[in-house]
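What follows is a structure written as structure tokens; I'll ask about it next.
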Amino acid sequence: MTPDLECVDLVKRFGDTTAVDNVSFSVPPGSFFSILGPSGCGKTTIMRMIAGFLDPTTGDIRIKGGSVLDTPPNKRPVNMVFQHLALFPMMTIAENIGYGLRRRGMSKPEIARKVDEALERIGLPGIGARKVDELSGGQKQRVAIARCMVLEPDVLLLDEPLGALDLKLREHMKVELKALQAAFDTTFVYITHDQSEALVMSDQIAVMNAGRFEQVGTGQDLYYRPETPFVAGFIGDTNRWSGRIEKAEGGTLQLRTESGLAMRASGAGLAPGDMAEIFVRPEAIRLAATAEGLAGFDNHLSGTVTSILFNGAASRLLVQDAAGETLEVTLPQSGEFDRLKRGDMVHIGWGAGQATCFATGAAGAR
Amino acid sequence: MTPDLECVDLVKRFGDTTAVDNVSFSVPPGSFFSILGPSGCGKTTIMRMIAGFLDPTTGDIRIKGGSVLDTPPNKRPVNMVFQHLALFPMMTIAENIGYGLRRRGMSKPEIARKVDEALERIGLPGIGARKVDELSGGQKQRVAIARCMVLEPDVLLLDEPLGALDLKLREHMKVELKALQAAFDTTFVYITHDQSEALVMSDQIAVMNAGRFEQVGTGQDLYYRPETPFVAGFIGDTNRWSGRIEKAEGGTLQLRTESGLAMRASGAGLAPGDMAEIFVRPEAIRLAATAEGLAGFDNHLSGTVTSILFNGAASRLLVQDAAGETLEVTLPQSGEFDRLKRGDMVHIGWGAGQATCFATGAAGAR
Amino acid sequence: MRNQSRVAFYLLLMPLVLWLGLLIIIPHIDMLLISLRERVSFGVYDRSLAQYEKALTEPLYLRTFARTAVMSVLATAITLLIAFPVAYYIAKMARGRLQQVLFLLCLIPFYVSELVRTFGWMILLRETGIVSNLLQWAGLADQPVEMLYTDATMMVGLVYTSMLFMVVPLVTTLESLDDSVIEAGYDLGGSGLSVLREIIIPHAMPGIVSGCIVVFMLSLGNYLTPTMLGGKDSLWFTEMIYNQFIVRSNWELGAAFGFMLLVLSSVIVWGMLRLTGRTLKETMG
Amino acid sequence: DTLRLLTWGGYAPDEVVTMFEEQTGHTVEVTKSNNEEMIAKLRATSGGGFDLAQPSQDRVMGPQMEFGIYKPIDVSKLNQDLFIPSMLKATMANTTVNGDVYGVPHVWGTSGLVMNTAEAGEVVKDYADLCDPAVAGKVSYRLKRPTLIGFAFSLGEDPFAAYGDEAKYKEIMEKVEAKLIECKANVKTYWGGGDELMNLVRSGEVTASMAWDTGGWKLNDDNADITFVAPASGALGWIDTFVLPAKGQADDVAYEWINFVMQPEVAAMITAAAGNFTASAGADEFAEEGLKAKYQASFPQEAIDNIKWYPPVPAGLESIEGEVLDRVQAAN
Amino acid sequence: MIPTIPQSRTVRIVYGGYVALFFLYLALPLTVVAVFAFNDSQFPSLPWEGFTWNWFFGDTRPQIGVFHERGILGAVGTSAFVAACVAVLSVAVGTTNAFLFNRYDFRGKGLLYVLMLLPLVIPGIVLGISILVFSSTLANGIWDLAQMDIQALRPGLLLVILGQFSFITTIATLVISARLQKFDRTLEEAALNLGADRLTAVRTITLPFLAPAMIGAVVVAFLMSFENFNTTLMLVGSDAPLTIAMFDRLKEGSTPLLNAVSLLLMLGSSLLALMMILFQRRS
């Protein structure tokens, strides 16, 4: 099956800066593909090349198998939901949604019918006559999507469409967007710098950094099997140290952090003497009242609780070990440790498999 | 010990709306007191009354035991960190911090000394000569606090001071603010609509809704022992149903939700036939592959996974039971259920003690 | 504090009231009163509508009045047509440095007095002027060409003089149009023309209205350009006011003319606002 | 003290002002203007703002009666010997209201035709000839009352004789109006100030114009073809006066100035600057020979005899003229 | 059409050409005025008779330069005086107006605001004559009552200043209001909170914040006053400001002296405008 969208060796330079650096990917029909990366990494630049507002320096963009490089933006079979939505403030909702259909010269009654249908689809029937600024943020959001979807594009591009909404609404719209994609059954290419948006909605996620794709995979892949230190640090909270490898046996490494903490970890392609970065997620660390409870773990140590960050289900402890290293540890919801207070001594442990290791300097080399 | 700040039966009306409705509380010296509530509930109004920018309609405000109602704002021994900080853009950092001291007619060298001291205290020595817009968001934050603290107020008021910062910085400043309070050893009264800010930092939290205080207590109190449905719904994520009590024995209730789901829950003052609202936190619900694994729980049922919201450590499942009720269930981090997919059948269960119940209509009645 | 605030209020109100009262409202009422009287003999006056009667029955005055109005509307329209593409270029096409420089270039000519600008046009367009010489040199004319003292020249001057007041509000409103809205127009299949008609112009409407009002006012009330460039053919209504006051010492008729001009400008401004459904406050303030 | 002088261009040349200031220690502020503006300004200030003004003698009586903007002149404070007696007498007579004298003469001259004789001499002999197609687009005149009067004469009327008869005057003016409207296409522009006209003629943009004699003579220096020609129906003779504005604040300095500029040597300097002769007795001796020669060339004896001197304008005529002028300007 | 939308070369070239042509149109008259200030001739027109500085520095007839021409220098002085008065007055009143409209709600506020805008839509010449008429009425009334002649109420500098003030104040009010609107009032509250009383808060916080707008308004008011013609024409007495003096001369016919004055004017006002822009960019 030809992918709906395919980018091949895409490069975009602005003078000296390379905003997009040799990016290739393809998006199968009907899937939800996200590009996730920090601000300024080049996400919007990719999007604008696909939409036709920027010419790639080199590389090709194919939609349904055919190159669209020579197609002007108003002729490309992709539509875009802009970051600030770019609804036309001088038009009513119905005029907004019907804009593209009018451009295609569709007859008035047919446009009216299609617009009504789209409004129905997004769950806002009957608001066609309203002005743009009479809608709430979430409603505008849906109208912006409907405005594109009436045109039945091959690919819908969304550039941080939730960025302008407040937290609660954003949570809600995440689920809603995913449902809309299912309803319209179209390929979505979604840009965001918010990992939780990407994780919750996407079939596939590309993690982007400094113009390049670091890793492409499902949310689980990225969270549990990061391939680069950047991905390991960017997705999810994590404890992070640098250290030196002391022993390497198969996939298991023995190493020591700069502050002197000894640790077992897993990681490929590292030899004794190498410098490495180690990542351990707070929820991977187990808490116990006694050292015995942690016997099964490759790493265990004891430390003092320096702070209890109570936050309901997401509560954490800060634990300082003898060497002075501070670790963030998830407070289990079992209630077992609810009576803990600052200054208490605790035992913590984690498996070597949960401590991911990368050679230092390997960042972005991939 | 006289409280640093005491509000007694505070009421503020704007025409027909009662923005603050009979609020009383007292803040012991040196504590971190938060007022948490949704937008528009009256938080800022309380703050502005304490600072002296608004006169209460009725009620009294006492600082260190003495009423300040007749004291103009520039004479009150409280200072305020404004939501958008309100640093003076035309002045340097040093001039900003020294502003209040100049108003007190302090000598120049002494002002300079105090300013330097304060800059030291907030960990930004030597930035006195910079302009406000040469600082980062977090630095500005600290300067705004220092500007108040040099005046050694009895109470420091903070009106959503982190509201303008981005997510990462906000996380960081939470911890930092708590540390600053410890360093200055002053009473903080802190306003926010972000529950996680309040939970992480405060000694005491007042949950406010529609002009009234719903509950005052520690973070744990509010999270685990909510006293009103509003608190139960506002703090932390939760599943929420309405239902009718079928049987009441001691503290344990037997009830049925509108869609027909039968459930055991706990709650006081409810009799058979009463309508009730039931709250169950997603992390209180246990997941099992077989019904046997859940035998110990008061409630158990089986359902289909309708959606997997993968979000790292905060992943959730949406499970639909036979009656059509959808439940949000935390996906444990054990990895045990990682292979679950949409449409799979799962068993879930929870204890009656984890299902909190309130009589319908009791909201806000307290 | 309450009392203090009341005192402050009255202190702040006073200058405004004095200014508007003594320099705007009362003088205009007085002007109206003067226009409502008639000279009977040396130093003796009567209440009467004679001035307005004269102004409205004498075809010359009426014609000049209408001519001034029509020409001002024309000048406004031409200014808009010329300025719009330029304002659009500055607001949306030019970027960074170039944008700033072009905008400043637009402003600078208007920091020098209208007199100097008009003088410049006279040097350019007179029979012995630059353009005439250029045309002869280029072989496009075999004798000196007089370009002054015609309506067309006057129009050139009026448009020139008002240009800034059209360009600036247009640039400001066009700049406030988000690029992404235009892009969305194209993205949804729009062509240049349809985007212009359905998105850009509706968005620029506030700027167009306020630019047009100011330019219209400036043209209507202009004195220098019609007298200097329009010469023998272009009697402008302001010139008639000047003539009645200064040349004929007939203040009564002059005041009546002044009032008619005021009414004309108010009606047209009001009409433009009505047409576009905007208020004076939105447009000017 | 400061003397605020409201006068015509050329009547207070810089060297004369400097000389006066050096001799007396006063300062002089000169505002250049014309008859209509002088009167309008004085009317607006009800005779204030200036200490000495110089309207033409026919414009003193009417405005004084209407607006009371002048104050009587104490002739005894003037050195009457400096004036040509006949001119002084005539001017005083023409500017007397209720027994008080309001004006004394200063500069006199005529209006007629200034032209490039080489290009327009054949055609233009009288005011009305300015409308000849042969000079189309090359003529100019002022759109002011002298033009109306001049055209009236050249159309065979005598407007001065009709001063007392408003109906008759109106009829004459209607004729003139028709002529001027018909003539409009011929006109390049209506000139406003003397120098403006000189520029137009000098540059060749205008070859014939109704204008003050002095302009023609000045241009004659540069281009011998250009000169002043007395029209067939007679040049119009005018005398510009000294008057004291009603609320002038420096009458003494004003008298000092009058006595100063009427001295023959000074008067000659003014003649040199303005191009016109003055009412100063004996200034002729100091006047430049060239100017005298030009004067004689322009004014053979019969032309001098034919000069039409302006009588004082009765009130009421100006509004008739004003409307005519407006209509001419607006005509298309 | 924006740069990110691909456009054909021809369209871009034609559009660019049009804009260039427009700027040529803007620049032409001013350039010509400037160039002919150096023509060694009595006329600011072709033929070019050679280059000279005489129209600036000459001190002998007929080429007396600007710097030796008493009338012009005096007029510049008058203009500067008038402009300074107008600038100070209008910015002062503009500031109080801005505070009034920004800080208080009162009955008739909307009406007063519209009245405040009105001078912008009254033709300058009408403003001039109405003030002329009213001040004469006033002066004549006082004369009739008390035989007192108030010369200040007759055409002259005071009326010129008041006439210009009457509409420039509206502009000053708008400029200053716009900035005051952007002022975050919590800054004042912060000052109060830190121990300042109301006046001190305004003095130490609000006025410094308004300073760029006030300086901008002073410059704009000064320039507008300096170049005002229509209103001034009706109110001028014996000392004419520069525009009127130049107009009187222009009516008499132009010499390159007027070009020289104009060139100096252009330089002066551009300099002033540039300084203002730089100042405002800095703050």
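Per-chain residue numbering starts at 1, and chain names A, B, C, D and E are given in the order in which the chains are listed.
Basically, a contact is a pair of C-beta atoms (placed from the backbone, for glycine too) under 8 Å apart; a residue touches a chain by one contact, two chains touch by 3 or more.
For clarity, every value in this text was computed on a predicted model and none was experimentally measured.
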Other chains in touch with both chain A and chain E: B, C
Chain hops separating chain D from chain C, counting only touching neighbours: 1
Partner chains that chain B and chain D have in common: E
Identity of the chain that, by mean CA position, is farthest from chain A: D
Chain pair, D-E or C-E, that carries the greater number of C-beta contacts: C-E
Chain centre separation in whole Å, for chain C relative to chain B (CA means): 59
Gap in Å, rounded to a whole number, between the CA centres of chain E and chain B: 56
Distance from chain D to chain A - Cα centre to Cα centre, in angstrom: 91
In chain C, residues with contacts to at least two other chains: 126, 128, 183, 186, 245
Residues within chain D bordering two or more other chains: 41, 44, 203
Contacts with two or more other chains, residues of chain E listed in rising order: 4-5, 43, 45, 132, 254
Listing of all chain pairs that touch each other, if any do: A-B, A-C, A-E, B-E, C-D, C-E, D-E
In the complex, chain D residues that touch chain E: 4, 6, 9, 14, 29-33, 41, 44-46, 48-50, 192-200, 202-203, 247
Complex contacts: residues of chain E adjacent to chain A: 4-6
In the complex, chain E residues that touch chain B: 184, 186-187, 189-197, 200, 204-205, 208-209, 211, 283
Chain B - residues contacting chain A, complex: 174-175, 178, 194-196, 199-200, 219-220, 223, 235-237, 281-284, 307, 309-314, 330, 333, 338
Complex interface listing, chain C residues touching chain E: 4, 9, 11-13, 15-16, 19-20, 23-28, 30-31, 34, 82, 85-86, 89, 92-93, 95, 102, 104-109, 111-117, 119-124, 126, 128-130, 133, 160, 163, 179, 182-183, 186, 192, 195-196, 213-214, 217, 220-224, 228, 238, 241-242, 245, 251, 254-255, 258-259, 261-262, 265-266, 269, 280-281, 284-285
